[in-house]
Amino acid sequence: MEINNGDTAWVLASTALVMLMTPGVGLFYGGLVRSKTFVSMFGLSFLAFALASIQWVLFGYSLAFGTDISGFIGGLNYVGLSGVGVDSAPLAGNIPHLIYMAFQLVFAAVTLAILTSAVAERVRLSSFIVLALLWTTLVYDPLAHWVWAGGWLAQMGALDFAGGTVVHISSGFSALAIALVIGKRVGFGSYVMEPHNIPMSMLGAGLLWFGWFGFNSGSALAANGLAASAFVVTNTSAAAGALTWLLASWLKGKPSALGMVSGAIAGLVAITPAAGYVDNMSAIVIGGVAGVLCYTALLFRVGRGLDESCDAWAVHGMGGLWGAIATGIFATASVNNYTGLIYGNFHQFAVQIMAAGASVIYAFVMTMILAKIVDSVMGLRVTEDEEYVGLDIAQHGEKAYA
Amino acid sequence: MRKIEAIVRPERLEQIKKALEENGIVGMTIINVLGRGEQKGIKLQYRGGTMEVDLLPKLKLELYVADEEVDSVMKTICDAGRTGKFGDGRIFVSPVEKSGKVRTGEVFT
Amino acid sequence: MEINNGDTAWVLASTALVMLMTPGVGLFYGGLVRSKTFVSMFGLSFLAFALASIQWVLFGYSLAFGTDISGFIGGLNYVGLSGVGVDSAPLAGNIPHLIYMAFQLVFAAVTLAILTSAVAERVRLSSFIVLALLWTTLVYDPLAHWVWAGGWLAQMGALDFAGGTVVHISSGFSALAIALVIGKRVGFGSYVMEPHNIPMSMLGAGLLWFGWFGFNSGSALAANGLAASAFVVTNTSAAAGALTWLLASWLKGKPSALGMVSGAIAGLVAITPAAGYVDNMSAIVIGGVAGVLCYTALLFRVGRGLDESCDAWAVHGMGGLWGAIATGIFATASVNNYTGLIYGNFHQFAVQIMAAGASVIYAFVMTMILAKIVDSVMGLRVTEDEEYVGLDIAQHGEKAYA
Amino acid sequence: MEINNGDTAWVLASTALVMLMTPGVGLFYGGLVRSKTFVSMFGLSFLAFALASIQWVLFGYSLAFGTDISGFIGGLNYVGLSGVGVDSAPLAGNIPHLIYMAFQLVFAAVTLAILTSAVAERVRLSSFIVLALLWTTLVYDPLAHWVWAGGWLAQMGALDFAGGTVVHISSGFSALAIALVIGKRVGFGSYVMEPHNIPMSMLGAGLLWFGWFGFNSGSALAANGLAASAFVVTNTSAAAGALTWLLASWLKGKPSALGMVSGAIAGLVAITPAAGYVDNMSAIVIGGVAGVLCYTALLFRVGRGLDESCDAWAVHGMGGLWGAIATGIFATASVNNYTGLIYGNFHQFAVQIMAAGASVIYAFVMTMILAKIVDSVMGLRVTEDEEYVGLDIAQHGEKAYA
Amino acid sequence: MRKIEAIVRPERLEQIKKALEENGIVGMTIINVLGRGEQKGIKLQYRGGTMEVDLLPKLKLELYVADEEVDSVMKTICDAGRTGKFGDGRIFVSPVEKSGKVRTGEVFT
Amino acid sequence: MRKIEAIVRPERLEQIKKALEENGIVGMTIINVLGRGEQKGIKLQYRGGTMEVDLLPKLKLELYVADEEVDSVMKTICDAGRTGKFGDGRIFVSPVEKSGKVRTGEVFT
């Protein structure tokens, strides 16, 4: 297949858009924590991006997209990007292999950034680096292989257009595992830890929404009708999620602006696996349900006294889970060649549940193991004094605001 | 009338406010400050070095109270603000000669 | 006509760019208000985007772009996006209908966001939601139809490349009407209400400038020479507006940085209707005049004690009016098939004035009626105490900065 | 050659991306200075963009890309953009001339913005305007001509894919010259001048990284394999630079988050001239070295008591110098038609050093002269009182944070 | 010498400053504070609930004045700072024993 | 015990802190303030106008010290905080009647 400049233009732009999501996550999370850890929180996202970027070009891409080994992992044929060049990508002949690789890279990077929610305000930097490298290699790369590179979930027929399982379930449930291992922040539950800069979180959410067009629509890997369709349902689901979370918080008390933008993210998460398979009306349902569901998950999480600090689990984990299942419900042949439960295809629905379930379990268990290992070898947490002073000063010797 | 200045941990504000309210003390003024006590803040170890974080964020509460309330207010703040670790804070009491109310222009001595 | 991937790539990217303008407006306005309403102000833009997104896919697009009914409104044939799919858009055969729809959606959304200027720091959230839905349906949708979908202004030959009338005149003069109905903020005129975070406004303006390339150049609906031309004049006009407002404020006292970025927006507004019709030298004039004109309008507005708080009227209303007329002055056949006054085409000039005038009147009167209705039924304003405390806490129970 | 819509789409998008780098620089620098000059610092970038935009369309583009005059400067044939239209660009037949011109414009603009580092917190606005116009005309335009428009460096065979010499060496060494002329800020060296808002600098760096994809990958002037390759090495080098600066600062004390993002910029700078010539493994080296080198340059600069306030010299100057030379070391025929030292091509290596050296000397000397002239005629600095009060109030009558 | 501490509405600062200047009082120090008086801030109603916003932003002005200026300064601040609504503020006067000028090193008692 | 309030230039904080430490004075509380002295701030000229920047950022240091330390602390702050230009700052000393320690609940009089 020949390289198509128009398609390539859109994938180049999409890759840039998805890259911007990482600072977006950094700002979103950074606004949610206390001012004494803003630099740290933003920095973790940045660092996640840099680490994943290098890991991916060295061997991560190969593990995920190299020649399939028993459906579980990719071979080493692309190590150091050998054989990854300006010619057609094997899985997308219309664009250069290198930009296909880069598009996948920015996904791996933002997934790692999402994960930092779990360690907010208390992680040792060196332990984070080790855990991050282990996680992206042993959790993200296999999952990406399973779903997108002919692995066993793909063989089973699981659909995941832009990463509901690979990105969101994996980061969300992994965050849950890490939060359980690392434990609560000092004072969590006993005194209020308010978001210190909500507008920064809103700006972060704005950048996420913007970048998500690259994430979902770019996953068409072409500038065509499918990309257009994915673009539209992405926007619709985000808007629906924003509105339902806003309303749900209103019913409980006051309409929360932070809730509204979190709802948008929930809607974006939920539509991610479905973006290339469902139509606009389904997107309203998917996003609308996501807003309420993730809000409920957040309340549940808080109620359980669980300090998964920036709600990667509630929003990405639960939103991704819902999205993966919803793909099996709402997929319609009018958009792509697949149908879901509402068109009588129970099989697809069952496959989606299995794939989502397998991802939940793999991500949670594997991450739990990795976190425990890193914790016992190096210690995941800083000292109580360092945490009290705040990671910005204690770890970086820096202050967010002079 | 006395002025009570209490420098306390920010994370204890809610408890202190509540405890004071229960004692009928409502009026207060709160100021963000940085402070260090005799311990010179907190010492942190890092890769072959020690670092002194000597100015930590505190809240300063200013309360103007009747003379006879001074002791109970001091006690209330101490009890509600205590964590038992260095840096819990200090309270200082000083005289006030006169006061006025902007809304009414009244002067009290 | 066949779908062109290159054109589609640019319209996809442009749609994303225009989406980012809404957070841009949110930041720009949010920096201008007091810190006690930053969350609210930013949130209103976000909410405007979500509301318009849902309204548009449900019926707004159909009202604007559905089959023409007597030149005034579109039919219901596209309700719920029925018939809007991956095939060629009726009005742009080279791109999928869905992305054409989405491109129009983000315009509707940002227009609604601009409008929030008028209600800054004092609007009841529920009343805003109602007014916003009414306004986008009864003011924006018809205007879009008149100009861009074969409505009576289009039939008359009015030119509006990217929304001088539909977006800017409409939001600007509607803001004026709403400001008159809702009344001044408590204390307006009696004590200073300084912008609380100018750098945020500057960042917002930067995002607007960035997004505006999608707005104007994307309106070529193709990645071609016309898009390039629109891109260039957009940038030139923005730069010229920035410089003339800066200089004008300098002459009056000190050069204002906020003035400079407002001038850029004024230049962007003014070039919007003209972007596909004028050349670069005209763009210098259009932007340069806009900078001074909008600054003068702002001074006039302040002088009259009118609390149209973030100057949607002065910048978008007056800038859009000037741009619509300027299109009739400077349009040149060297760029597109139309000529303006300086090439002796008085007819086009007259048509532009009539179209602009009609838009001013329709937007102002209709909005005035809608605002009065909402005000008398629900009350547009919060209580004085709520306003004093600030909408962030009073309405949302949130604080911008902890 | 016919205009290619796909290529045009990518260059349109890239031009917008590069535009966003200017607010990126503004935020990055603005976070580094004291809060009393945030508006001024951000404003200087904005102003640089506006000034360069107008200068470029009036005559700058012609001086740089007009018909070659003795290898030194372009002729006046494109003055006022005459002859610059919707047809093929002379140097890139696949895209419209106007967007080629605009793509070059945003480069000129961001280069001028980088330069503002040298005058931070102490420059008179009127003097800055004069110096900026002189500099972009007499330093930037000739350099762009030499390297990119058939000037003597191009004739010599010097490679500069996206502006290592034209943009980074020129702005970096010019900043050094200006810093020497304008002198230190009052109090520099005697009391601490901490960055006042590190997260803003991090966001600025994030926007720079994002925009840099347009800068480097867009410089392929097509949406093809070369663009993809440039995209990938850009990201890799940035990540490598981020990690090495982080580690270097860690070895000296604490890992600096600001260092990490500065390292990313250093990596982006260094890969700029090489982006279309080197492969991914070389990019790791180029970026990795840049991180350490620029950090060392910064320490050297501080050690010498030199107040080149936001380190344009250390990061852009030294990073650009390294990148220009590295292009001569690592260029590989597997990416493009050129080879470097490691493939035995000593000639290219020597040419790169000569070109870099010539740029360093021209930029430094010429800028020194211009700065001295402006300083003696108008005075570059504000009064000591104005500096003490801060430029925001003193020059603009504005405050960053109310 | 006396210290006057006046807690006032931020939006009244300009008026108060001007009024003081007209009375020859120029030197002052201003601090951002949060405060609540006896009214415990402002009560807001919302959908089936009441909300107490108890800490509102205020400005604290500190003025060191000669003993004989105390009364007129208090009156000036009250007059210029008054809106007549709850929350207008309070003024407190306390003794100062000694003062110094950093620039000259002079000490006044 | 006395309370010393010193309003100083922010850029002099490090020097003052160091000088005080050398004199054994460690505990302190620091507040960001805006201030103007008798000079009414700084006057700036611009294109046909004069502008008064009357509220400049200062730091207020509050130190509670033993009575006999007052003079030396005042001198130390003056010496370390002096630039010789207008705006160097002021120091005020006032009486403290009682103090308490939150961590222990002790009261000192």
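Which chain is which? They are A, B, C, D, E and F, in the order written, and residues in each are numbered from 1.
Quick note on the criterion: a residue touches a chain if its C-beta (ideal position, glycine included) is under 8 Å from a C-beta of that chain, and two chains touch if they have at least 3 such contacts.
Here the structure is a predicted model, which is why all the values come from computation and not from measurement.
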By the touch criterion stated at the start, how many steps lie between chain B and chain C on the shortest route? 2
Any idea if chain B and chain E meet via the same residues, over half in common, or different ones? different
Check A-B against E-F and say which one is joined by more contacting C-beta pairs. E-F
With centres defined as the mean C-alpha position, give me the chain C-chain E separation in Å. 44
Centre to centre, by mean C-alpha position, how many angstrom separate chain A and chain E? 51
The positions of chain A in contact with two or more other chains are 4-7, 9-10, 13, 223, 253-254, 397
Of all residues in chain E, which are in touch with two or more distinct other chains? 31-32, 94-95
Name, in rising order, each residue of chain D that touches chain C in their complex. 3-10, 12-13, 15-16, 19-20, 22-23, 26-27, 30, 38-40, 42-43, 46-47, 49-51, 53-54, 57, 80-81, 85-87, 95-99, 101-102, 105, 125, 200, 223, 392, 395-402
Quick one: which bits of chain F touch chain E in the complex? Just the residue numbers, please. 2, 6-8, 31-38, 40, 55, 58, 60, 70-71, 74-75, 77-79, 81-95
Chain A residues touching chain B - in the complex, by the definition given at the top: 36, 187, 191-192, 383, 385-386, 388-389, 393-394, 397
Which residues of chain E touch chain C in the complex? 11-12, 14-15, 42-44, 51, 53, 56-57
Taking the touch rule as given, give the residues of chain A at its contact with chain C in the complex, in rising order. 4-7, 9-10, 13, 17, 34-35, 194-199, 202-203, 205-207, 209-210, 213-214, 217, 222-229, 231-232, 235-236, 238-240, 242-243, 246, 253-258, 260-261, 264, 279-281, 284, 334-335
